[in-house]
Structures are given as C-alpha cells and as structure tokens.
C-alpha cells in the first residue's frame, strides 16, 4: 500500500517532535518534510537527540513548496500560522490537520475575543471539522481540514459526554478541575516554566479565563439542548507529560436514584468500540503515568452524595495533541485507526 | 525567661523531624526528649543528616519516664498512640499537643467509624481543644490537650470560613479539590510512594472517602447554622512538600450581587490580625513553593460566574502539621505566636 | 513463523513489567506465562495500569509447570532464584535468560564473597554465557543460559572497551563515576527510595564496594592482558529511568600523541555495525532522556589533557536490563536483533 | 549595635532572592536598597512570592545613588557589572562583595580568555580578596572588595585542601566529577533549563572547558608548590538546589601507607574550628538535601585502593553563593560569623 506522504510545519516544539516520534514508526506513513523558519538546513536529529538514527530529515524552509508534495500537512504551530497557510494547501489538494487553535472555534467572534487576532480564513473555517474522533468520526473521514482538539478540551469532552448525552446531570453544576504537566506550556524559553520555577511546586493558572474554555463550551453544547455552564480551573503539575481532569457534576433529580452500576454502564456503552478510551472499573484511580507515551485516555467514576466525579487521564502530548492528530490522519486516510499508535505507556 | 521543656513522641517520621527543625531553633523552647520505640539509643542526627550539629539528642525509650519531666509533649505518631498515653501525662501536669487524629473528632462514633478503632480516652477527648489557632485561639490558650488539625482540613477551613461565617454561599455546593505533596503520606516504606511510582505522575486517591472529611465537616458545621455538604477529592502531586486546595462554592442568591472587591474585603477582614494567613490580592495565583519551610498559608480569590474559587496553599509539614503545632504551643504558653516560626520560605 | 513462547519469573518488579511492555509488542514472541509467588491469580494489568488492554495474563504459580511449556524463560528475580530453578528448565530444553546476578560472575568465590550466598549451580554456571551482545554475540547465539549484564557494567564495558581493546590507556587509571535513576533500586518498599527521600536530592552510595565492580572487572580483564584497576562510584539521581557513566582513563605514553579524530575513529569502528550503540560526534553531550524507553546506548568522547572522558547513557531498565535481555533472546532465536526493540525514546 | 546597611545590585536572579531571604532575617543587617534596571518601582515581594510580608522594598534604579548610602553592596549580577561599578563605590567608602566572576581570577589574562571581555578594573582587582572564609579569613576581615567564590570551586577547594596542603596526593591525578542542581544556571529564560528539558534526565555539560576551572586551579596552586593538574566535569541534576562533588586523588607513594583513620584526622584537624564545614565520619554518604537552605558544607571520605574519594555537598545557592557572601560580610564587619546563617536544612 502506498504510504501517506506527510509534512509537518513547525517541528521544533513538543507537539512537533512527538509527531516525528510517532510518524517515524508509523507503518503507513512516510515523513516527507518538516519545516521551521528558524532552523532551515539543520538536522532534526541534532535538535532532538532521541531521533538520532530514526529521523534523517533536515528542516526545510516553509516557503519552499515542499509541503505541496504531501498528502497531508500537520501544523504544530502557534495560532495564526495555519489559518494563513492552510487555504493554499487545501486548494492544491493537500489535506490539513491543525494542532493549533485556528480552526477549533466555530464562532469567529469567540476566536477573535480569546485570541486577539482577526481570523483570516473564515471560508475555510466553515468546512473545518472538529477532530475528536470518538464523537465526530464520520465527519473527520471526509474532512479536508481537521482542527485537532486542545488537550484540556479532550479530557473534558470525553469525561462529560456520557453524562450530558444521556441527560443525567444538572448542566449548571459542571466543574472541571484540571491538572497538566509542564510540557503543555510548549518549548518556549519563559521564566515561569524553568525547572527551578516549576519543579517541586504546584499552582493554578488561567483561573480568570483560559482559551480552552470557549472551545469546550462550544462542543459541550452539541451534546445537550440545555445551556451548559462550566467552571474550569487549570493547574500546573511538576511533571513533564500527563494530564488529569477531575470533573464534577450533580446528578439531576430524575437521575439521583440511579445506581453506580447503571451509571458505569452508560460510560461502558458510550465507549465500547473505542480503541483509545479505557473505561476503568467503578472507583478506579487512574494515574497519568499509565498513559505516558501512549494514545490511551482512561476514565473512572466515583460518587459522593449526588455528585458524580469523573477522573480522566491522558498524555497531553499524545492523546492530547500529536497522537490524536495521527488518529485523525488514520481516519481521514481509511487506515486502521490504531495504526502507528500501538506504543504501550512507559511505567515506571 | 525559662524555656518551655519539650518532649516529642515518635520522632522518626516527617512531622517529627520537622518539629525538631523548628524547635531546635526556637528561642523559647528547649528540646528535652525525643522517643522512638525502634531507635532507642540512636543519635537523632544519624537518622536525619540535616540535624547534624543542630540536635544532639538520642532517641529515648518512650516508657522511660523522661516525658514526665517536660512541660509539653508533642505526639507525632500514628493514631491510637496519643489516646493511650495522653491521660497519664495530663494527670502529671504535662500538656499535650497531638499531631495525630486521636482527638480531632469530637464524635467518638465518627472516630470509630473512620479509624476502625475503639476510642480509649473519651473523658480526655471531651476536654480536647481543636488547635486551629486562627479560629480557636482563646480555647487553645487554656487547653491542656490540643488536637492539631489535619493538613487538608486546615486549608479547607481557613479557605471556606469567611464565606460560611458571613453566609455568602450555598452550603450544599462546597467542593474541595485538594492536592498534596508526597511527604503527606509520611515516612513509611510503601510501594505507592516510592520515587519510581510517584514521580512524574499525578493521581487522585481516597476519592471514595478520606479521613479528613468528617473532621472538616465537624468544624465547618461550627461556622454556620445550615447543614453543610462537602465533596472532597485529594490528589497526590510529585513534589515533596506543599498543599494546594482549590475550593469551589456558589454564591447564594442574596450574595450574587456582591462585587469582587466586597468579597475580598470579607477575607481581608477575617484574617487582618493573623500572622500566618496571607490574603493575597484578588486574582493572585499562589504557588505552594512560596510556603516551603514556612508557617505561612496563602489565600487568593477568583470568580467564574456565581462560583467563588478560593485557592489556598501551605507547606503541609509546617502550617499543615509541625509549624501549626508550634504555633499552638506558643499560644498555650503565652509566647509570641510567631516565636520560632520566622523562617522565610525557600524559593527557588 | 512460529512465535517464541516466553515465560517470565518474577513479574512484579520493574524489569518484569518492562519485559512485559517490550514482549507484548514483539512481533516474534508470545507471552505465555508470568509467575509470582505473591500474586497468583491476580491480573497483571491490575498491578500495572499501563498494561490494561495490552496484556491479559494472570500471574501463575511458579511451581505449576507452566514454565516448562516455554521456549525461553526470563528470570527477573532477586539473586538466588534463577540458580535454584534454571537447571531443571535447561534439562527440559527450555532456554534461560537471567536478568539477576546468579550467573554473571564466572568466579564462584567472587559470587559468594559479594552476594553472601553459596552458589547452587556451579555446573550450569560453567556453561552460562555473559549476555553483552556487542562483545559476545556468537556465544550468545548458541547459549542455553544467558546471564544478562548488570546495568552499570553495561555502560562501563561498552565505554571502556575500545580504549582497552586497542591498548590506548593506562589500565591503572580507570575511574567510573556513574549515576543511576531510582528505578535501578527496584520496586521494593524501602525508606531510602521513597519519593520524599530521593526527590530533589543527590548522593553517592555503595562507594565502599558495589556488586557491579567484580562483574565489570572480570569482563574488562577479557579485553586486555594487563591487570586492570577500576575505581567505581555509583550515585543516585532524582529521575525514574536513565543511567549516565562518566568514565576517565589516562592515555598511555604511546597514545598521548593521538589526535581526537583518531580516537573517535577507534570508537566509530568498534561499534559500526551495532544497532544499539550510537557513537555520537566528538564532544557531544548525551542526555539520559534521549534513551528513555529505548534500547539505544549513546557514547561520546571528550579529552582534558591526557585524560579521555567517555560519556555513556542508556535507559537502565531497557538496554541496562529488559531490552538487552530481549536483544539476547533475538540473538538466541535467530530473530532480527532489533525485533521488538524499535521503540523511539520519549522526549520530552 | 548599629546594623550593617546593605545594598544589592541585581536582585531578580536566584542569588539575589537568596540574599534577600538571608538578609531579611539577619539580626545585624538592614536591607537598604535593591536595584534592578528592568524592574524599577516594582515591589520585590510581587516578583518573589515567598518574600510577601518579609521584604517591603521596591526595586530601585541602580543609577539613583542609593547604593552610596550603604555600608556594603552585594553584586548578584552577570560578569562585567561589578567591575564597572565597584571602583566608584569603593572610592565612596562602600565595601563590596561580588558574587559574580569579575574579581575571582587574579590573572587578568585568564579572565579575558575565559570571559571574552576586557577587564575594566585592574587596579581594584589587585586589592580584591578571594572570599573563601575557611582559607582566607584574615584577609577578608580587612578587605574592601571580596570576590565570592564560584559554587563548584568552593566544593573542590574545601574538598582537596587538606590533601594538597599536607602533601598526601599526586597532584597530577586530581579529578572532580561535579553535579549541580538546575538553579545553578540562574533565572534566565533558556530552553535548556526548562522543566520539560531538564526534568527526569541527567547530562554532563561544559566538559570541554568550564569557567570554574581556571578559578579553581589558581586557588589550588596556593595550597602546594607542585604544579596541579585537574580534570573537571560538571553535570546537571534534575533538582532545584544542591551540589555534589565527587573528588578523586591518588595517594602519593609516601602516603599510601597511611591508615584511613590518619587521613580522616587530617580533615578533622583542618576544619575543626569551622562552623560551616561538617567533616562526617569516614565512609559517610552525604546527601545534598541535608544542606538545602543551609550554609553548611559536608565532607566525607572513602578509599578504593590508593585512590581517595572525597564527597562534598552544599546548597549551591547558600554556601555556594549567597550564604557564603553573608558569611564574608559577617567576617568583614566583625560580626559573629554565623550571624543570620543559623537556618537548618529542610529535610525532607
């Protein structure tokens, strides 16, 4: 079978190198180009020591035209880049998977409010498909442009979905207390994420408003007719990879009589065919490290009084970013959805 | 001034060594005895390298009678020990500060349910004073026996107190999403808190019921006439020291019109004389490391819609345990409350 | 092709779970049995959350006979176990790879001195083959019993080998300053490797004598006629996986005139066909994380005056243990040496 | 007693904040001014949360003249700053302690070679006193300008000193394999010391030449008539604070007959009056955390064959920088040498 020819824009960040790790070992993909404005001509493996002997690409100039030779181009770039370059690629028949935020929000106004940037590609935005395979698989299959979900939104959506879809909870009571490893902040030289600042400490951030909130609200709204309210508090954990969402929702009056077993069944049913969602037994305590390097997301359920507590863990760089992007590519190109994503989590 | 003569029971754990660190430098205290059943005759400084040249005590036999020579004895022991030994010490005129759980719960039945142990000292329990200085200072001053609060309950009580006391929130909506450094688990050889298990990972634990819940509920009930409900989820953070509570409460209908400034003033007012509670400006993001080694607890406020989010940080071994115990000793012996507790947090 | 039927003895430690991770994804191996005296009947995936959905084995009783159905049995056990059980397995035609120390030392007396244990299988010991594939490949191919090298010895041997083999250094000047992640201490409940003890700190250990010294000396002696002296100092690094050896050797008088390029060529030549030894450009600074989860070992060279400094990194659980064991299995069963070992290191 | 009036130049780095932590609690010092070009007018406590309620200074403009009101000014700045500003301060009668490198090397040529910068203050350099109190106390007492030693050089000098001074070792065989926590790299936004780069990994750096080498060689030369050779390899440890030096030296032929006890006595004797050097019993294993936040440096001795191994630990920000600077201030102003430096190390 012909391999899918892949290009990556912006390969010097953490989602970029993670795409390289996954795609280099993907049986149905061929790394064709990786671009970086600042590192043209530099060997990828000289920047990322783990890729020595694995990836022999050199960073290309993003303006060189090499991306047009690809079947699909991944954007692992800050917001603003994909919306500038995607239209031309699409016109040339290249499919696009954007790991940034440019096409996640259907509402242009919300985008401009939260990102402080005019949207340059409204036409393209209208055809963009939100890339959460578990909830949107059929649309992804046919999409030319997929907006890969944010890391936090992935955990919140998959955690709340069975509750909202089945109308079990009061949608005014949703709280998402989320915790992320430091790699979520990207590979940027900033004081706050220095080892000596972030190690051996814990703090909340973005409590007054985080860009993943409007994205999540927009998607949660698709699961229910009611008007959802969501309190969202992200925190920074002194670990490299990993994301843990602790989700709270009050059972509505009709559902307070449900047994724990019945609620568990709702989740089991919702994800029974999903290769990358592991619904654990009731009362389990998932650890982020059990997903380290893997595309698996694990969910477990607890209850205190009438509050359901959903615990969700994933590797923010894999299921929360690069792995989910590869999963989307697999769906788009009719490959086995698990192709190239068999990596078992490293533990310890 | 005569120094307070201090004994410590159970000095081989983390609260024990932290008491030693603080008391060795306390200008009004004299370390007189430290006992350990397993380490009799061993130099304390040979177990805790940081105390070389600072503490020259040797572990004594707890049955040797040396504790009766003290003015006050701290119990840094698992539950069950203090309730067995405290009555005799009290009878001999020695005051007691218990860092364990034996005297925290006023309800004997709650104690026996949660700790699976018959309570041996109900008479003494009735005179025990709950040692949260900020809320209970006068009773502590006169107490013969002080029950030092648990680490999580300290953050939850000080965080919720101004809201409950002033009737600002719906007491059925309280959620405490708490995160603790690994030292909270104590110095016990257990697989789950090995470096290779707990490092570079994050997880919830005790979600189905944690012993700090009944203690907190009992104390929160003292702040309001209404019947409080509390959802409590503890998590384990890969850091040595530090505790972060993220507290959620919905403003009740009468209070939803309050401005953020007004709510901030309620907190400022509640703690304006407190040397160890730092109410930060609205919207601040406290880091646990800003309390590392210090007895300071920091609070900041946020709001999303009608939900108030209170962030609380402390060093679980200091304000959450040994430091608070020394603060209680200072109150009990009419010393300056800050005596021996001036240590500035280490940062970075 | 028929898959190699694999059994694992002692699957609850870190080398055990790492073998499971690697072998579960090995295209030419089939996990047939995993035994544990303490966990009979327990699902492996309930102990190691990362293996949920990947390994569906249940721990078997080691005395059940199931191991005799295997083609090869890995011992991931403390010393003493393999030498008790290996003879019978060999007699039954099952090949054995011991990840413990029982068959590493050819000298029974050295074994008994360092391990304080009589050797029970001297006959079998005489046929045991030391499993460092790079230096011993042909013997391994035919071996019935392979003694997998210790983690430190792997780095020291591969780092010193080209220097000793080619007679470039004064063999009285060898110093190995080695650093290991905490997982090297195993999955045992011991105070010293608790998170709160080992995190955010660094120390040497075993300086007065470590069991990997006689093993290394025995093997270095095979590389040269001269009588080697080696100073060996292991240290504990607050990281989960990873090992870094900093090796020092003085160039002998005949070699002091050699250029850096010439010395580099000696190393390039020594390992030019090796799939798992990466000789980096002169002056490189290998990071342990560039081998995290991978079977690659990286080497780089430096020089200060007449002292050659060899830096060696590996993942102590992979190339230093389970990965090397699988590499040995591949050699023993005429599989591609890289089969099942393609995993790219996780970075970050 | 009048307090020493203190100024700090460059208070936004880690040595700056550490000076603030120590001096804020110093009974004989008064913080008078702290300057920063970039943060003029900003409250110090808003940058360093741990100083809230402890330090109420605001960053001053370095050109405002406020430094001339001080008794002593600490430079916690990159190299080049102190040599530009010190002469004027000295002329005005203000004493200077430079925590940077400008006055550490007596040889101007070495300075210019290693720092790539012309030295602007050669006259002042000639009167600069090297501030290692243990070896240079009398000169420091009278000094107007003290050059505070580098962190690595402090450990190497104090570790090798008794051996060199007493002529016990072959000075051609010195090797210093040193390991530092990440805070040693300073509070600069650089990719290499991001949490996600430096955590859970270990590597050497500066192997081809580190600026602390010429400083150490210059000082070691003062301890012996022989011409010292030193191999020096620094490494980066994933911890915030702490430094561990593993020092190797071969006993010379006259000393190979010495007993371990005799060698131990040489060290005991060398440091018997030192308040901040803890010579531990032979064979001890010092942990860096046993010095966390404290000005103590610990030394222990080991021997393998004729090689003496000296282990040295300190907190790189305290004894390796700010604490040693305060110690120097105490000596310069005839205060008790331990004044303000009683902090016991945090452990765990």
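To keep things simple, chains are lettered A, B, C and D as they appear, and every chain counts its residues starting from 1.
Going forward, a residue touches a chain if its C-beta (ideal position, glycine included) is under 8 Å from a C-beta of that chain, and two chains touch if they have at least 3 such contacts.
From a predicted model like this one, the values you see are computed outputs, not experimental measurements.
Q: Does B-D or B-C have the larger number of C-beta pairs in contact?
A: More C-beta contacts join the chains of B-D.
Q: Where the centre means the average of the CA atoms, what chain is farthest from subunit B?
A: Checked the centroid distances; the maximum from subunit B is C.
Q: Could you work out how far the Cα centre of subunit C sits from that of subunit D, in whole Å?
A: 39
Q: As a quick test, compute the distance in whole Å between the mean CA positions of subunit B and subunit C.
A: That pair's centroid distance is 46 Å.
Q: Using mean CA coordinates as chain centres, what's the gap between subunit B and subunit D in Å?
A: 37
Q: Can you list the residues of subunit C that touch 2 or more other chains?
A: 14, 181, 183, 187, 196-197, 199-200, 238-241, 286-287, 289, 292, 348
Q: Please give the residue numbers of subunit B that touch subunit C in the complex, ascending.
A: Touching subunit C from subunit B are residues 14, 181-183, 185, 187, 189-191, 193-200, 238-240.
Q: Given the complex with subunit B, which residues does subunit D contribute to the contact?
A: Residues of subunit D touching subunit B: 14, 17, 21, 24-25, 48-54, 183, 187, 199-200, 240-241, 278, 280, 286-287, 289-294, 296, 298, 317, 342-348.
Q: Which residues of subunit B touch subunit A in the complex?
A: Touch list, subunit B to subunit A: 173, 175, 177, 179, 181, 196-197, 199-205, 207-208, 229, 231-233, 235, 237-242, 244, 246, 248, 283, 285-289, 292, 302, 304-305, 307, 309, 311, 313, 348.
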